[in-house]
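Heads up, the next two complexes both have subunit A, just with different partners, subunit B and then subunit C.
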Partner chain A sequence: MGFAASVILGLAALFAIAWALRAAARATFSGQTRSLAHDIPLTASFGLLVIAIYTFVAIAAPALAPFPEREIVGGQFQAWSAEHWLGTDRIGRDMLSRLIYGARNTVGIAFATTALAFVVGAILGLWAALVGGWLDQALSRFVDALMAIPALIFSLLLLTIFGTSVLTLILVIAAVDATRVFRLARAVAQGIVVMDYIEAAKLRGEGSWFLIRREILPNAMAPLVAEFGLRFCFVFLAISSLSFLGLGIQPPTADWGSMVKDNATLITFGDVTPLLPAGCIALLTVAVNFVVDWQLHRASGLKEQ
Partner chain B sequence: MDREVLLKIEGLRIEGRAGDGWTEIVKGIDLTLHKGEVLGLIGESGAGKSTVGLAAMGFARDGCRITGGSILFDGIDLRQAPEAERRALRGKRIAYVAQSAAASFNPAHKLIDQYCETPVVHGVMARDKAEQDAIDLYRRMQLPDPKGIGFRYPHQVSGGQLQRAMTAMAMACRPDLIIFDEPTTALDVTTQIEVLAAIRDIVRQFDTAAIYITHDLAVVAQAADRIKVLLRGDEVEEADTRTMLDAPREDYTKSLWAVRSFARAEQPPATSAPILSVQNVSAAYGKVPVLEDVSFDIHAGRTIAVVGESGSGKSTAARVITGLLPPSGGAVVFDGKPLPPALKGRTREQLRQVQMIYQMADTALNPKLRLRELIGRPAQMYLGLTGRALETRIRDLLDLIELDPDTYIDRLPGELSGGQKQRIGIARALAAEPKIIICDEVTSALDQIVQEGILKLLTRLQGEFGLAYMFITHDLATVRAIADDVVVMQKGRVVEQGPKAQMFAPPHEPYTELLLSSVPEMDPDWLTRLLESRASVSA
Partner chain C sequence: MRIALGVGLLFIVSLVIFGATELLPGDLANELLGQSATPETLAALREQLGLNDPAPVRYWNWLTGALTGDFGVSLANGRPISELIGARLGNTVFLALYAAALSVPISLILGILAALWRNSIFDRMANAGALTAISFPEFFVAYILVLWLAQTGLFPSMVRINPTTTFGDRVYMTFLPALTLMLVVTAHMMRMTRAAIINLMASPYIEMARLKGMSPLRIVLRHALPNALAPIINVIALNLAYLITGVVVVEVVFVYPGLGQLMVDAVSNRDIAVVQAVALIFAAAYVALNLLADVLSTITNPRLMHRR
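Right, the complex of A and B next:
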């Protein structure tokens, strides 16, 4: 039971740190940042803290990891020890190091993919809502057609055609996800483009790019940010399932999804090690969703005052 | 009046959340209402009238809490009573009619379904009986087609009819008390009369007590037995309607009376060539014609008021001038040269010359942009100002509209009052340094004291910069105050036009006559007399 206890203790410690940081932020900042710090629930500050830690680990991976990512440094499936804190994997690579590098690969790729999907999907969606007419029809029907194909099968098809480099992986998943973002951005923007301030800006002679960037986007930001968090988790899962099917991140690159699969046999021996990468995914997903909930709350105007 | 007391509020105190703490917004109000009596609650925005009105139902809005005093309704203490008991009273014995019926009806259900909900839920009557009753009340409210109107959806009936349907709905359980919260404010003058008359009659017929909340004294004078004036959560005075109108005691009350007396100095008739002229313009939305052969001129330094009820085409005329709706015939000529019909064909310089101020400042200002950018953008775009020159210009503009630059320059629109937002709308129009400003019902969403401030500001700016205003409005009091020339529109046509003095002096076109006679006067017998005279004319 030592393991379960340490997990609970670890989570409690994270919550305590998050609480302390929030209190510190309330005390130090002034103005808008302060009211934001005042507004933020404990869960969201926990989420932000976890995201910050993941980001730090991903960036500083080479400095943090005790062993290189791809080198065989010991025997197969060694138990946890002072040298290999989390033991070794199927072919004798250090688990902890691969877990740390996995943050870089999995989170990095997921982030790049989601960001790309959002830039493309949001801009096209806002543009379609703003211009309307045939452009809206053309883009929307095209997106409908893409969405009609099951996402996983469509990605598999594209990856088989274009090969499985990291770049194509990012582009393919981004293309699939951009369709969902497009629908959301378009729906949100349709409620905004009918406002008088958009008419006022059009009367001023503003171009489409200004209207999208300065007039519509700030008002569509909250739902888009919330959707970003959800999409990020979905992309995570998509990459993991593609890796599992052998078309995702290719070995020997460390990736949490394939690490679960590779070491799954250990579970039968009562060893929790293969669950650690899954736990990393779960923790990040929960953290992201905490932040998303907070954003949704802000967007829906449910906050007090 | 020695009738039984129905509602007795004593020392009512209500607090509202403000930032981290609570501020008192109702500071110890006493209120006594007898059975069958109508009490008018008057005050400018923020006086706490709506809050008091809701408190009479034992209700406080989100972010508000009742902190002191007692609310006794027919012997029941609404502050102590459990929520279930209060809920049983609401709709059944106390009903509420909101300002915007359009926003208060559920757009997804038919009127009669919404009508029947309350009596059926409260177990007052069965569904089929409630429907019969609804039709009867629709008839009494003088709604057209009382048998059929209930089976329409809210968007299928007009604003005035919706407001009457809402009143009928409030009557469904024959409550002892109805709270009317600005029921006619959003309506134009001719519709306002119909609604006002209907409300007054039905309240008398059923001997219902009512609290009538409004900021328009002339309106409340027609319906209320007594009037109570509120200012920032305090009572100023209370008296019988006639006493209050004839001899107000307090200075504040007198100032409310005086608001309508604002008037700009008369100007001599225009002699110069018009800066903009609308020539024989026709326009249509799709196949529906909305403007037919409309012509009028706008002169520099003068104000032209375009008057008419909703749907008369006055806002459409503005859309044609600005290029949002290309006309199907005729032309708009600016400074001797015809303007390209569509927005896209116009140069930046042409766009700069005609600016617009909107009715709803809430939707006309991007809520996510700070005032610096809202006002600065036109100056940056049209005049190419950047850096320090832009900053100076923004500050000058804020000074012009009487807002302190240091306090306001980095605020968001949500942090301003309604009147301040409208001032920002004015500053944004001024920033372009235009020749013409189109004001689309700019004061109709504001209460009278704020209205007066805006009108004075516009008048001052006109004198300073020689601006031409096109003032679209349905409020003839505003027209009387600031217009030089008047255009009366009905059903997409110009009915009558000319200088103000000529328009306000008889003889009138019948439609102009109708509009003029519909402006409420500060006389409790005005509505009765008007209805009688209209009845005798039609008889």
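Right, the complex of A and C next:
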């Protein structure tokens, strides 16, 4: 169980770095940034640190990876060694390099999908709440019908119809998740559209787009930002699950979900290597959850004052 | 009334599932034959699949067929879909019920204990554990279990079920898949149980019970729990509905011969007829469980029964 011990040590080290960075931020900055650094709980600073590391790895992947993403550089299933730190995979590609490129592919695609789902879902939701009437009814009932089908099952159905490629994957998951975002955005906006200042802006003769962008959106931002984090987790897990099932991101692109699937046979021999990509997924999801928790807490705390 | 609503919803769902295939670029026969399509074979296949009928007619035939258990034939191997589904449906239901039987009592007990010892070490540990379990992908949990429990030879990491398998063997062999599902859904149920009970602990009648000198455990069990039943039942039903989709990934990990595995295979073969049928079954179970939750939470709360 030397491996479990090293994982615990690694996590402890990350927490220590997060603690040190928070202390440093408290000492160096002043004003608003300082009060922010003062309030942040350790879990959230840990989350931010992990997200920062992932972002850095994703951007600098070609510089960090010792071997190319798709090239066969050794024998099959080689053990950990000085040359191949984490060994090689089923057809002899370097595991560490693929893990590093996976940060770029998996996280990048999940992020793009979430952003797309958010733009579509939020704009439609805010618009439905603003206009109301039959448009609101039609969109809401349509979304209700789509939400009556379990998300994973619905995306599987759509993937069968449109085939499996990265673009259809992004569009399908974005479409499925946009329904959830629509619900939330509409619910939040409904409390806002009845405010006097919206009435005033309408009387000024402002158009729908201006109202959504300048009057409703800024006031609906806090819950939407928190939802973005949560939604990212769901999308990330959904894409990983689909890739794991062999229906998401296709080889030879390095992707954490399919890497687990490809090398799963090693697990039955007691090798932990195939679990590393899954662990990367889990760590990022936990980190994002910590940050979202903190944001939600802040948003609710501000209201109490 | 509610049941009529549920049936209506199911009808719409079937319409969505069927309508989705209408979005297919080109047509099904073209897609199936691919490069080898000649005008004659295309026409023959169209005739065989009934593609020449207008969409509403085909929808009606499909729906009435599905209601009588006839889902048509698989596009990949031409076998009747009802035959493919038959035994697998039983396996999947067995796994889901098994996981439910494990997770419901455990999450209720953990939730009640966490509410009872609020802000204690136990509560914090349980909460942190729950948050972590929610963030883990199912296959991660599954493989960790395989690494720990199947390595030592305690439990098998693959499930082979044949008609001669006895019930005891079956329970033993499906233990790891069921445990995985349990870990994934317990977290959410536990958190909701805890929240529901803590919410109620502030009410005047709890205060009264405490002033009478009742023990905390008795207060929770006799006074708080019955009133917290409605939200708890709701969460349990939602999670059972979640089990339905969670089952897909777990079945693939453990090579379990269930509906999820069938659906994944069908998706990779682009066997639309099978995917439609399985999606309809999953969606029907999902809608039915949500409906059940609605009805049960009404029954547990007399005030909801005598509304209006």
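In this text, the second predicted complex is superposed on the first by the 298 of 305 C-alpha atoms of A that agree within 3 Å, B and C clash if a C-alpha of one lies under 4 Å from a C-alpha of the other, contacts with A are read in each partner's own complex, and residues count from 1 in each chain.
By our rule, a contact is a pair of C-beta atoms (placed from the backbone, for glycine too) under 8 Å apart; a residue touches a chain by one contact, two chains touch by 3 or more.
None of the values given here were measured: they were computed from a predicted structure.
Participant: Both complexes share subunit A, so when I overlay them there, do subunit B and subunit C fit or clash?
Facilitator: Subunit B and subunit C fit side by side in the superposed model.
Participant: Under the stated touch criterion, which partner chain does A:200 make contact with: subunit B (first), subunit C (second), both, or neither?
Facilitator: first
Participant: When the two structures are overlaid on chain A, which partner does A:214 contact: first (subunit B), second (subunit C), both, or neither?
Facilitator: first
Participant: First (subunit B), second (subunit C), both or neither: which does A:161 touch?
Facilitator: second
Participant: May I ask for the angle at the C-alpha centre of subunit A between those of subunit B and subunit C, rounded to a multiple of 10 degrees?
Facilitator: Given the fit on chain A C-alpha atoms, the answer is 90 degrees.
Participant: Who does A:268 touch here: subunit B (first), subunit C (second), both, or neither?
Facilitator: A:268 sits against subunit C, while subunit B stays out of touch.
Participant: Of the two partners subunit B and subunit C, indicate the one touching more residues belonging to subunit A.
Facilitator: C
Participant: Contacts for A:96 in the overlay, against subunit B (first) and subunit C (second): which applies, first, second, both or neither?
Facilitator: Once the two structures are laid over each other on A, A:96 reaches no partner at all.
Participant: Using the touch definition from the top, say if A:110 reaches subunit B (first), subunit C (second), both or neither.
Facilitator: After superposition on chain A, A:110 lies in contact with neither partner.
Participant: Touch check for A:296: first (subunit B), second (subunit C), both, or neither?
Facilitator: Neither partner.
Participant: Just to confirm the value: shortest Cα separation between subunit B and subunit C in the superposed three-chain model, in whole Å.
Facilitator: Scanning every C-alpha pair, the shortest subunit B to subunit C distance is 5 Å.
Participant: After overlaying the two complexes on chain A, where does the subunit B footprint on subunit A coincide with the subunit C footprint?
Facilitator: Common interface on subunit A, subunit B vs subunit C: nothing in common.
Participant: Could you please specify the touching residues of subunit C with respect to subunit A in the complex?
Facilitator: Subunit C reaches subunit A through residues 9, 12-13, 15-17, 20-21, 23-24, 131-132, 134-140, 143-144, 146-147, 150-151, 157, 241-242, 244-245, 248-249, 252-253, 263-264, 266-268, 270-272, 275-276, 278-279, 282-283, 286-287.
Participant: Under the definition above, what is the set of subunit B residues touching subunit A in their complex?
Facilitator: 17, 19, 63, 322-324, 343, 346, 348, 351, 355-356, 358, 360, 363-369, 373, 377-378, 381-382, 428, 432
Participant: Which residues of subunit A touch subunit B in their complex?
Facilitator: Touch list, subunit A to subunit B: 195-197, 199-206, 214-215, 218-219, 221, 304-305.
Participant: Which subunit A residues qualify as touching subunit C in the complex?
Facilitator: Subunit A reaches subunit C through residues 145-146, 148-154, 156-161, 163-164, 233, 237, 240-241, 244-247, 257, 260-261, 264, 267-268, 270, 272, 274-275, 278-279, 281-282, 285-286, 289, 293.
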